Amino acid sequence: MSWNSFGRVFRFTTWGESHGPALGAVVDGCPPGLPLGEADIQPWLDKRRPGTSRFTTQRQEPDRVRILSGVFEGKTTGTPISLSIENVDQRSKDYSEVALAYRPGHADYAYDAKYGFRDYRGGGRSSARETAARVAAGAVARIAIPEVRIRGYLVELGGDRIDPAAFDAAQIDANPFFCPDAAAAARWEEIMDRTRKAGSSVGAVVECVAEGVPAGWGAPLYAKLDSELASAMMSINAVKGVEIGDGFEAARLTGERNADPMRPGPDGKPVFLANHAGGIAGGIATGQPVVVRVALKPTSSILTPVETITREGEASDIRTKGRHDPCVGIRAVPVVEAMMALVLADQKLLHRAQTGR
Amino acid sequence: MSWNSFGRVFRFTTWGESHGPALGAVVDGCPPGLPLGEADIQPWLDKRRPGTSRFTTQRQEPDRVRILSGVFEGKTTGTPISLSIENVDQRSKDYSEVALAYRPGHADYAYDAKYGFRDYRGGGRSSARETAARVAAGAVARIAIPEVRIRGYLVELGGDRIDPAAFDAAQIDANPFFCPDAAAAARWEEIMDRTRKAGSSVGAVVECVAEGVPAGWGAPLYAKLDSELASAMMSINAVKGVEIGDGFEAARLTGERNADPMRPGPDGKPVFLANHAGGIAGGIATGQPVVVRVALKPTSSILTPVETITREGEASDIRTKGRHDPCVGIRAVPVVEAMMALVLADQKLLHRAQTGR
Amino acid sequence: MSWNSFGRVFRFTTWGESHGPALGAVVDGCPPGLPLGEADIQPWLDKRRPGTSRFTTQRQEPDRVRILSGVFEGKTTGTPISLSIENVDQRSKDYSEVALAYRPGHADYAYDAKYGFRDYRGGGRSSARETAARVAAGAVARIAIPEVRIRGYLVELGGDRIDPAAFDAAQIDANPFFCPDAAAAARWEEIMDRTRKAGSSVGAVVECVAEGVPAGWGAPLYAKLDSELASAMMSINAVKGVEIGDGFEAARLTGERNADPMRPGPDGKPVFLANHAGGIAGGIATGQPVVVRVALKPTSSILTPVETITREGEASDIRTKGRHDPCVGIRAVPVVEAMMALVLADQKLLHRAQTGR
Amino acid sequence: MSWNSFGRVFRFTTWGESHGPALGAVVDGCPPGLPLGEADIQPWLDKRRPGTSRFTTQRQEPDRVRILSGVFEGKTTGTPISLSIENVDQRSKDYSEVALAYRPGHADYAYDAKYGFRDYRGGGRSSARETAARVAAGAVARIAIPEVRIRGYLVELGGDRIDPAAFDAAQIDANPFFCPDAAAAARWEEIMDRTRKAGSSVGAVVECVAEGVPAGWGAPLYAKLDSELASAMMSINAVKGVEIGDGFEAARLTGERNADPMRPGPDGKPVFLANHAGGIAGGIATGQPVVVRVALKPTSSILTPVETITREGEASDIRTKGRHDPCVGIRAVPVVEAMMALVLADQKLLHRAQTGR
């Protein structure tokens, strides 16, 4: 099946291929009366845009968004918001070899197995270009949840972790890696230069924190806040793991160590003395920061030839030329943020549907 | 919102609280004509049943399943299958203290914040007893995917990992931990005895492998096979992390190391030389074994008092008496298997909806 | 496919066959904190219950409802509400002939064509007994929309219409036909006696009015209030037509005659000078009474033999013995009311999800 | 809520306002490998296009469709198909008065009551221009159900019915009314000329027949084929009633008269001796032609002033100038056909999801 919609009441649908004329998203269920213009969306697309440093793909895409519906006199009308982004820099000729043989680690073989054939130009629908549509939709979601602040950043690149003690939010936008640790950013520059020169690639871990999520958001049991976040994050290209709060580390703690003790707070709400749970209990937000961590595999497109087979089933090997990100994890940061916003907007609306609050 | 259904065409809905008269599941969309009786479901419930060893809760629940609809003359009719399990051993008196104060790590505070009040007896709806309904539904899913073999087991308990080289499938059912490594199982017995005596708890990591999943199952982009699995697993009580294939480890590999090279196979299908991807590319099954790993936090119910607040907002502390699993990860194994089966049954039907295969 | 759930945020799922041990509904998404007990549901089931007059089937079913989950200390908890009704008076032997040949007008052939076989006892899943589960679910929906008053009644039976000028709401519960016109009720008694003696059956038209629906409820474009009502009503057994407001008659009016002029009202809301639209414009409630009319065909079970074929494809003919309603339209009144309530509860929650009101 | 998607596995989402830059649809779940080009869609849009005779609105819209995704080398890829239609002939100045006062019969007041404000230009989202997107999506659905032939036509206009005995399929495209009865078409020309000159409007009844629908399609109980059709048709602008088969007339027949007797057919399938049921029993197709009838109210836009109120709540009256269809029922024919195709494509896929056939 093809399933290109996400969300339950605040919903979006994306469409478009890497080398088609355009791609886009339709956002439905957005509350009416919210101020929205293209200028509210473009900065997030710019953050994700390729070609902004030597560490990302050199494909040149302006990624200009157009709002085609759902906004009148500068405000959302409550009707579907159609967002469109033109594809400009398509070089279809780069992909002739890909038409014949499968690139290991890519979706090439799987799409053929599923659909019988595929649009091989730039990965077609399986291309990470689709994530531009998510970022655009996510920008709309952000305006629907003004009470929430979302911040994503890299905590690990090529196996090299940041020092949590050196965390400095101001650093995140001061380097091309969304890295909150200046020393780590310096090391990563070396790693990336080495990787790029070798025609190789590395993975990364993104962390994303949402502050201000009210206690009570979440829809147990099968649309739990953590379950929805896991689904949202795992749907991003190259993601292979998702953690909430302490994640796998929690499995190594005792019950005493993993507890998040509560104390009375100044405003009647509890103060938590720890946040191992990542802000979610029983699938419902506790009012603490919601913390998600996402593992991205190294880009599958590398210059080293890899053994593969052709569409005809013959042995071959393939080097992936073309213009690729040596670390897709970097540009995934705004995508992870967008998915966080989209999940939270949906949960906000679901919560007030049932409770009126 | 309350959201107690899962799946898109093969769907199930669960209901019931820990201390209500019963709990159950309604399975809808199951193919007709499949042989199904209570005897096909009961063994999976028995596997999850509490009180089978000294390492799990001593609550005595026979967990007898009844099929109330959807089966006629021993075969599924294609109409909804209602499954019901009576609650037998409810001791509501154990939970009086819980009514007044929040147990950190439990959903107590979050449910109150969401709904304004809660059924505090045994955790009410947030109790892990609900997973019995999933296991029953999962047993139905299994008969809908005879081509698939699913096997879950523990790879880590209390921070102690199995030795992959010592993996022996025959061991899994030979110890009370679903542990495939006999030496690890021996160590875990000690860990568990120590933990139980201390009134403490430990976490665990479950791995689950599905073999025989045909290449092509999966529904990109927002119902990707890995995305659905992440959602399914994260919806299980106490789960804080999900990995597909190499998971977070993939983020530490280079593109060369992470590749799954392909060779022509004897039957026209490719042979893969590795399975870092865990059997999924672009959200679609590749035909390799589908591999998921799930992290479960330590049980929040411990005998050590933890700082908390009361419903009235006053400082207090709470010890959780009652009968609890010192490691919820153990009994989670059949639950993880059930969720795997439920996701795959849904994807099988979705795939043939679109492609006719 | 089997699709036994209805609703988008206030949802219900029904299960059960005519001759199984029980049938039921799971209601999910209900707001928390609403007072609910079995005594709130039972009166609606009693209204639909068979065997209350000589004009309905003589099957004796007490239709006692049990609440199995989702209610604690007399209030809804916000978690799924499981409702169960035992089947008591099943006489499976009555249906042996039906196993072999198809009853024209029933779902027998269609179920066989779809599923390859069927539970032939009393129509199995296609039996109107399933509507008991809807009525139970509808009783829950009613408590979620206290601002709305719903009233259903028959406006036509066996082709004989009421006189709108003689409409008297007090009459509706004063005769066995939910007939608001005393003179018509007297005529219908004759029609029904004649029909019953002849072993024949007649159709009916139910009208249902919901007052107090706030302007603004409705979810354009594909979950319009009228669209949802049409879907809900057409899903009831034997229904073949649905009208909103003037319905088919509107197609015979000019634009001038069909207009619902508006005047300023005392409270700032408009006063409408007519209600041809049945309270809905553009799929959204206008604040006027919502008016639906539903056509029910005559019961297909009649004593006159009808030409048919057997499962083996041979010519035969069939008389439907057993205990049947000579006019299913009568007992459909509480079912139509229940579906109205269920649609409106869903729309109320959807509206406040998006707008916060 | 805003809900602009329809379908369960074969799904579409529409977007766009009457006076925005464009409108469109995203079709998801379409089977892969089907030949599809813009030339397969355009003829259906041309059939619905305004300005083709003096009996429809004189707004000039070429309604050129563009396929922006989901098709590669002339075949559907199985990924979302984005369809876009530019708005060309928008005269926003015509609608200044509408901004201030509500047009009775239109959605003006309801949209304001729901969303707090509205795009008043040409009805914004509530405009019948949206149906162009449905027709485009329906053209895609048609290629997914080659076994089915769909034919819509008018059976009544301004209260004047066709003579069923004079039914001649060849006439349908030979007059501007999709009228299968030449004599009726001649009368309707007079009715329409008179109506147009008076600045008035009339209603109509559309009948739509789908032949070749295999027995078994349909998804009981809450996605019954008739229930889905009712929902689909009632979602079309100006529709106030839906009938399946004999519809309301069935309520006036006895059980004997309403029966559809069955005889053994030459190919093992039954031959039905009548089709009162309109091809659907128990929500499942019987293999007979599926027959739907749809009532459309007269256009609300008329030249006669109608009493209304302003946004400020003051008494006023309004004449609707601008370019309007004196009978929206005429151009509704291709829209009804499209919705029929979309429902059937969805049901085809649902059926094979569950049964594999």
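Quick notes on this one:
To keep things simple, chains are lettered A, B, C and D as they appear, and every chain counts its residues starting from 1.
Just so it is clear, a contact is a pair of C-beta atoms (placed from the backbone, for glycine too) under 8 Å apart; a residue touches a chain by one contact, two chains touch by 3 or more.
What you see is a predicted model; the values in this text were computed from it and never measured.
Comparing chain pairs B-C and A-C, the larger number of C-beta contacts belongs to B-C. Averaging C-alpha coordinates per chain and comparing to chain B, the farthest chain turns out to be D. Between the Cα centres of chain C and chain D there is a gap of 26 Å. Averaging Cα coordinates per chain places chain A and chain C 46 Å apart. Remark: chain B and chain C have CA centroids separated by 39 Å (rounded to whole angstrom). For chain B, the set of residues touching two or more other chains reads 1-5, 8-9, 14, 29-30, 32, 78-79, 114-116, 125, 220, 350, 353-355.
Those residues of chain D lying in contact with chain C across their complex are 1-6, 8, 14, 102, 104-107, 109-111, 113-116, 125-126, 130, 156, 158-159, 195, 200-205, 215-224, 226-235, 237, 239-248, 250-264, 268, 270, 273, 276-278, 280-287, 295-302, 304, 306-309, 313-315, 329, 347, 350-351, 353-355. The touching residues of chain A, when paired with chain C in their complex, are 8-9, 29-32, 78-79, 220, 349-350, 352-356. Across the complex, chain D meets chain A through its residues 1-5, 9, 11, 13-17, 20-24, 26, 28-30, 32-33, 66, 68-70, 72, 75, 77-82, 114-119, 124-125.
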